[in-house]
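Next come two complexes built around chain A: one with chain B, the other with chain C.
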Partner chain A sequence: MPEKSASNLVAEPQSPPKIRSPKRPAGTLYRGKEGMWSWVLHRITGVAIYFFLLVHILDTALVRVSPEAYNAVIDTYKTPLMGLGEIALVAAIAFHAFNGLRIILIDFWAFGAKHQRTMFWVVIGLWVVLLAAFIPRQLMHIFGG
Partner chain B sequence: MSTAVAENKPAAAEVVPTFTATLMIRRFDPEVDEEPRWEDFDVELYETDRILDALHKIKWEMDGSLTFRRSCAHGVCGSDAMRINGRNRLACKTLIKDLDISKPIYVEAIKGLPLEKDLIVDMEPFFDSFKEVNPFLMAGPVKGGKERKQSPVERARFDDTTKCILCAACTSSCPVFWTDGQYFGPAAIVNAHRFIFDSRDEGAGVRLDILNDKEGVWRCRTTFNCTDACPRGIQVTQAIAEVKQAIIKGKP
Partner chain C sequence: MSLIEAPRTPTRGHRTGGINWEKWGWIYMRASGVVLIVLIFGHLFVNLVAGEGVKAIDFAFVGGKLADPFWIVWDGLMLWLALIHGGNGMRTLVNDYATNPKVRKVLLIGIAASTVILIILGTLVITTFDPCPAGADPALLPSFCEAS
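On to the complex of A and B.
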């Protein structure tokens, strides 16, 4: 025991300053291209769809517990706010679906990696066309009565 | 002698035009700083200068404490990978005139590896995953003759991935690697690809097993940051996709 404390006393003054790396080396945002941003969008839409499905399974399961409660919940879905939410949902699912096909092609088609950038803009194109067809129709449903 | 040279080149009397560029460098001194900090330097440069020349100018003429790695300065040794204006590049292969000098040029260390000082990171985790994929020829004794023969077509199969200089630009551009340091990373997979698809090598099965791990090729989310960052122009994501296919098929 005395030996230990003695060595501690000797070691302490000469111990060099501890080299520590910073807690979180942030810095600028990495400026990735289409590939990175498509991945970011894919992840965001994926998580959003997951939470929607979770709620959706719960509200559908409600019909077995109480049909009245189920009807009440379904009625709230007819409000304009939920109608706009459906637009967001369709936008998220459409992007996730088209980009998912792009990722499958990148992994399984021999020339997928080569054409990934073109395929990304094709995905965006299809997505815009789909939404251009869906949004006016949905707005008519919500506000047309 | 010197006058003779001057007479030979009368045009050289004209002053070579220079311009001033501002470099914002993310500095970190572990003995002083708690957090990295940005410091700006105005540097006078020539049209032909690269980021590495600007860093040299700062280190040699303005602030000797600036710390960075460099060795060959010609894009072969892979020492000076850094994040330049938010993208991983080699400082010795990035010409200042290709950047927008009306704004500051942001230079910082590569991401995802422990920062040691200024532009230097600890490369050990990177080399550890490189070592794990057995980056060497695995082959038994030569069967018949003295050489391991290979046709030009067989050689061309893995030509792209032989170009790697282990600069870590790809691995430290990967969003998966930033959040999950356990991921092998593109560079290790590229170097595994180089041997998996080599007709002389017999260790493909071993390497494919290693890369079939939870932290192996399946972590790749095809963001293509690595392909964009590679200073050697290796089609990194393509190589990873080929390794994925080889694992599915069970053979290269």
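On to the complex of A and C.
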């Protein structure tokens, strides 16, 4: 009798979950492996970009002071050291941008949450492609006389 | 009460109406992020990749750009969206890592103040900018300044 009444209470499963459990521990969205490291990198690149943004607004504001003041400061951006710094800046921005799109896909699309690890490597792939295009161009500009 | 609360235990009880600012902040990060990808990649291409790259940037270059309403709107949007996006991101980090309430408050006020000050400063700079300031060395100005 108890079994019968209990089975009446439990609703028939409408659509059984199709996500198979991984063979090895694969971490979750934000704990361990790609999910966690993308989160860590997103925070580090975000902070780096934020502090550059503060400085960049202040240096650009010098156009309101005088042409000489602006040129004097912007010339420091053209040195080889800062040229390499611009590569680091573009690298940080590109990762933050591509991983930001990955986060949006995870948030709004069931497919995104399921394939977030694959999408992390897609992010890395796009990042490598963008830097492979930018770095030679930038090196040409800063060392090309 | 056990030491470790159950996951999703609300820290300040259940919400009882009003605007859900955390939700709108969450939406803002995603919406502004998508727009910023277009604006910042465009900005980087024009200023670092096209032509002579970073070596072409000087007062005349910026003056030429900011004489065009298109770039005033572009840079203005970038300024507002990026600073609020970055400020809100920093607020998240401070809330996560600043465990001392006083330190946390100081940092949050600092973020809010720098965001407001830099948005006002940047907006004033791009809206009141004169590409041909009187008395400046003509060699440093955009080429179109000679005509006037």
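By definition in this document, the second predicted complex is superposed on the first by the 114 of 145 C-alpha atoms of A that agree within 3 Å, B and C clash if a C-alpha of one lies under 4 Å from a C-alpha of the other, contacts with A are read in each partner's own complex, and residues count from 1 in each chain.
By definition in this document, a contact is a pair of C-beta atoms (placed from the backbone, for glycine too) under 8 Å apart; a residue touches a chain by one contact, two chains touch by 3 or more.
Keep in mind that this is a model prediction, so the values were computed, not measured.
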Chain B versus chain C as contact partner of A:Q116, first or second or both or neither: first
Touched partner set for A:M36, first chain B, second chain C, both or neither: first
Touching partner for A:D107 - first (chain B), second (chain C), both, neither: both
Which of chain B and chain C A:S66 touches, first, second, both or neither: second
Comparison of chain B and chain C by chain A residues contacted: C
Touched partner set for A:W127, first chain B, second chain C, both or neither: neither
Contact residues common to both interfaces of chain A (with chain B and with chain C): 103, 107
In the complex with chain A, residue positions of chain B that touch it: 26, 28, 30-31, 33-36, 83, 85-87, 106, 108-109, 111, 114-116, 122, 173, 175, 221-225, 227-228, 235, 237-238, 241, 244-245
Chain C-touching residues of chain A, taken from the complex the two chains share: 43, 46-47, 49-50, 53-54, 57-58, 60-61, 63-64, 66-68, 70-71, 74-75, 77-78, 83, 86, 90, 93, 97, 100-101, 103-104, 107, 134, 137-138, 140-142
Chain B contact footprint on chain A (complex, rising order): 17, 19-23, 25, 27-36, 38-39, 103, 106-108, 112-114, 116
Chain A-facing residues of chain C, complex: 30, 33-34, 36-37, 40-41, 44, 48-49, 52-55, 57-60, 62-63, 66, 79, 82-83, 86-87, 89-90, 93, 114, 118, 121-122, 124-125, 128-129, 133, 136-137, 140-141
